[in-house]
């Protein structure tokens, strides 16, 4: 059971880290992250069911996710913030409609069963423990990827755009393109996470990629603190545990789902009222180019 | 006792101090000009009076009653009519609705009794507004918007009218018309007016007294005649040495 | 260096800028003045690409830049500041500067991931540059403060230095002394003169007359979106049209 | 022909329902500049409250509806007080995130109280009228009448009363309205009361037209949101027209595309609008929207 929990944390952690790039670092409020997650899951599942190697499928899932990100980004990124939020929401609902109604491809509400588990160097990854390790490796890779990105000049530029995109443009930064790249990077990670999820659960249906799922991922990010990758992972740890933990209470599934939802929402509202910047808050980047601080006693 | 009195008022925009110890008076029935170049703090002074900005120190009194720190809507209900910079007509409301809003600070009883009379007065003063009373505010020309902004402030029977750069962006002919109108309001209705202007000569032509602001402090005050002949005024404006 | 011809912009039927032509020669400081609402900031927004003009042509270094997006214009070496400062509030003073250069290695997605060494070297260079500039601007002690915690005058200075980091050919300064306390104004003037010596050309909007008249070699005066006068500061100060625009029309002008 | 008329009627009914919610939405947006995600969820709660009163408690339907509307007003008001007002000076995303939290909470409450099963008001379908070969049921006639009535009330309130003028003035320029004696905080309360009432009316009518489901909150929120954008943010009546257009589009869309895509049509329209005319059909393009 604990392995299962950690695997899920790995997957949701990846989703949260990817979304944080968009929401926390670039300041674009997305309500459609589950769409990219779903695109990745379906792409990877369908490809592997058609005989492609699992990891190729996951990569393809990431790429398709990123393409979706490009589409949403291209149409909304130059508009005001609320529009991006709405654009992602609409995109999410459209993809869900496609998953549900394109029965020839996705089998609709019946879902896709029998998605194969991957194998690494000829060794099939069968047990949950093995899969957990795989998920943690993926999470670590995503974290490394995201951390390198946000600590690089690129990440610094993202934050400057979040702070004031007009000023960034006045300095010669290509604001529109940079935002789109950030959205694509986030949705690429979501796509890969989708593949990871599909091959773990071995069954997917459209219900896994609803707006509620998008909101859940958003809550993970907000909860830990916008603009803090470790916060996102902490959010994933706490809330996934809460969510799965509720299943142990032995409540009828309809009640436990609703109760779970009520708990998140109360947590979220309470957090906003008490600590609107999330539990950990943003990391303060002290990217100094010198070591003179100690020599001269520092600025603070 | 002066109708409006500011004493040692300090005001801030966030962390920027915009007013440094501003003191001034407006007596009942006067036109007083508040002059200064851009960014000197003229509009800030008006905002501090009408409650959009809270004075950090010092006092603002209207007829002996302290109004410093009251919220804007409460100040309006005490009879301070503010015609702000840029006119700020309600663009999606019709001319008539804009004027109705002008009467909003009055109590319902007053509103009912005086509305018609005030409306007629405003329409007399600015016949153009009557012609356009069902047009939306946003479709008016600059001059008409200025008339509407003044008319709107008159609808509440203000005890004092704060006018912020009524001449800004208007053609010279219109400026004269608006200024004549201000004089008429003062003489016929006995309305007290605090006039903010960048256009010093225009303002001093109709005002009885004036104050000159520079970087948030009053640097000069006097009768209109004194100020007109003062060399410093010219220097302040044109930066001559 | 910068040449504007027949520039026109309308807002809802109102001509904010009307057939304006002006020129800024390389290595000079040029002032753009005029009463409130005369359209100066609109001119800046048009030149720097934030607004699209209805008519006219803007040339910079001999190239037509009319209608180009702001970041492209900035990359050509025309950088502006804003009337209300626009520093990046949640970033440190130092970061505000190092984010600015246009040739930063590692701002591309790919090189930020793949070439950490090149990025590091470049950042070291940019960091030294930024620190030198901070010393020059007397902001060195505050380099690790968040920009939002600086007093307004220092934010104004930071914004100016941030623009300098982009190595501009010409800078458009929108009221560099607005909201700046008096002793700081003198400093601002020194910085601008020193930067001019380093070869930067300036076009400055200003209301602080003494400041702009003292700095500029040539002054354009705008009223109601139209150019009403131009000349050396002393010529402009004596021009009756300018006096009229500032002090008022007609009857009383003679009294002053 | 008769199918077309039928679709038009359905479009009109659905569209006016969205429109009514959208009006409340744009009122809140134009005054507070934040997207109140929970608005549609208030409609959903109103829908269920009427169900409790009429079906569970056996009250007369009209009385149930009125009580549900009143309770929804109370709900809207308390949400404003408890969750939004404290955040007015917080960072810009906080109110939006909170409103998502509130939405989620309301949906969870509905799930816990009324369950996920589809319910209905159990109003017997009576023979309706025949119009050009299409059939309008009595319920639909009632819906259209109720819509017209509430629209008339709203328009009367916004256009003819000084309170309504003050609301529109505050939406136009809040500081100016304050300088004219308008207490912005009480206007915000009024707007929430009014918006919640309209949302509850729409919710109940939607319940009559279709069924009751806790997921309706999201559907209503998203479509009203789309309607507002379509009409142009900040233009109160724009939302009404936007709602009608979406109602017609998704119902007429069935003419060409299978009915299961109905919802997706609304979203696709939205994306296209964002791409082509982002300021909405009746909104004005703002100068600062130059592409960066």
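Lettered A, B, C and D in written order, each chain numbered from 1.
Simple rule for what comes next: a residue touches a chain if its C-beta (ideal position, glycine included) is under 8 Å from a C-beta of that chain, and two chains touch if they have at least 3 such contacts.
A quick note: this is a predicted structure, and the numbers were derived from the prediction, not measured.
**Student:** Where the centre means the average of the CA atoms, what chain is farthest from chain C?
**Tutor:** Most remote chain from chain C, centroid-wise, comes out as D.
**Student:** Counting C-beta pairs in contact, which chain pair has more, A-C or B-D?
**Tutor:** A-C
**Student:** Any idea how many Å lie between the Cα centroids of chain B and chain D?
**Tutor:** Result: the chain centres lie 41 Å from each other.
**Student:** Could you work out how far the Cα centre of chain A sits from that of chain B, in whole Å?
**Tutor:** 54
**Student:** Approximately how many whole Å separate the CA-defined centres of chain C and chain D?
**Tutor:** Going by mean C-alpha positions, chain C sits 47 Å from chain D.
**Student:** Where in chain A do residues touch two or more of the other chains?
**Tutor:** Residues 166, 168-169, 175.
**Student:** Specify, in ascending order, the residues of chain D that touch 2 or more different other chains.
**Tutor:** Within chain D, residues 288, 291-292 contact more than one other chain.
**Student:** Taking each residue of chain B in turn, which ones touch at least two of the other chains?
**Tutor:** In chain B, nothing touches at least two other chains.
**Student:** Note which residues of chain D are touching chain B in the complex, please.
**Tutor:** 162, 165-166, 168-169, 171-173, 175-184, 235
**Student:** Taking the touch rule as given, give the residues of chain B at its contact with chain C in the complex, in rising order.
**Tutor:** 13-16, 37-39, 138, 142, 165, 168-169, 172, 175-176, 198-205, 215, 228-229, 233-234, 237-241
**Student:** Give the list of chain A residues in touch with chain D in this complex.
**Tutor:** Against chain D, chain A makes touches at 29, 75-76, 78-83, 85-87, 89-91, 93-94, 97-98, 100-101, 165-166, 168-169, 175-176, 211-212, 215, 218, 222, 226, 254-255, 257-262, 264-266, 268-269, 272-273, 276-277.
**Student:** In the complex formed with chain D, which residues of chain B make contact?
**Tutor:** Chain B reaches chain D through residues 50-52, 71-73, 75-77, 82, 84, 88, 90-93, 97-98, 100-102, 104-105, 111, 152, 156.
**Student:** In the complex, go through chain C and note every residue touching chain B.
**Tutor:** Its residues touching chain B are 12, 14, 35-37, 151-152, 175, 178-179, 182, 207-213, 224, 237, 242-243, 246-253, 255-256.
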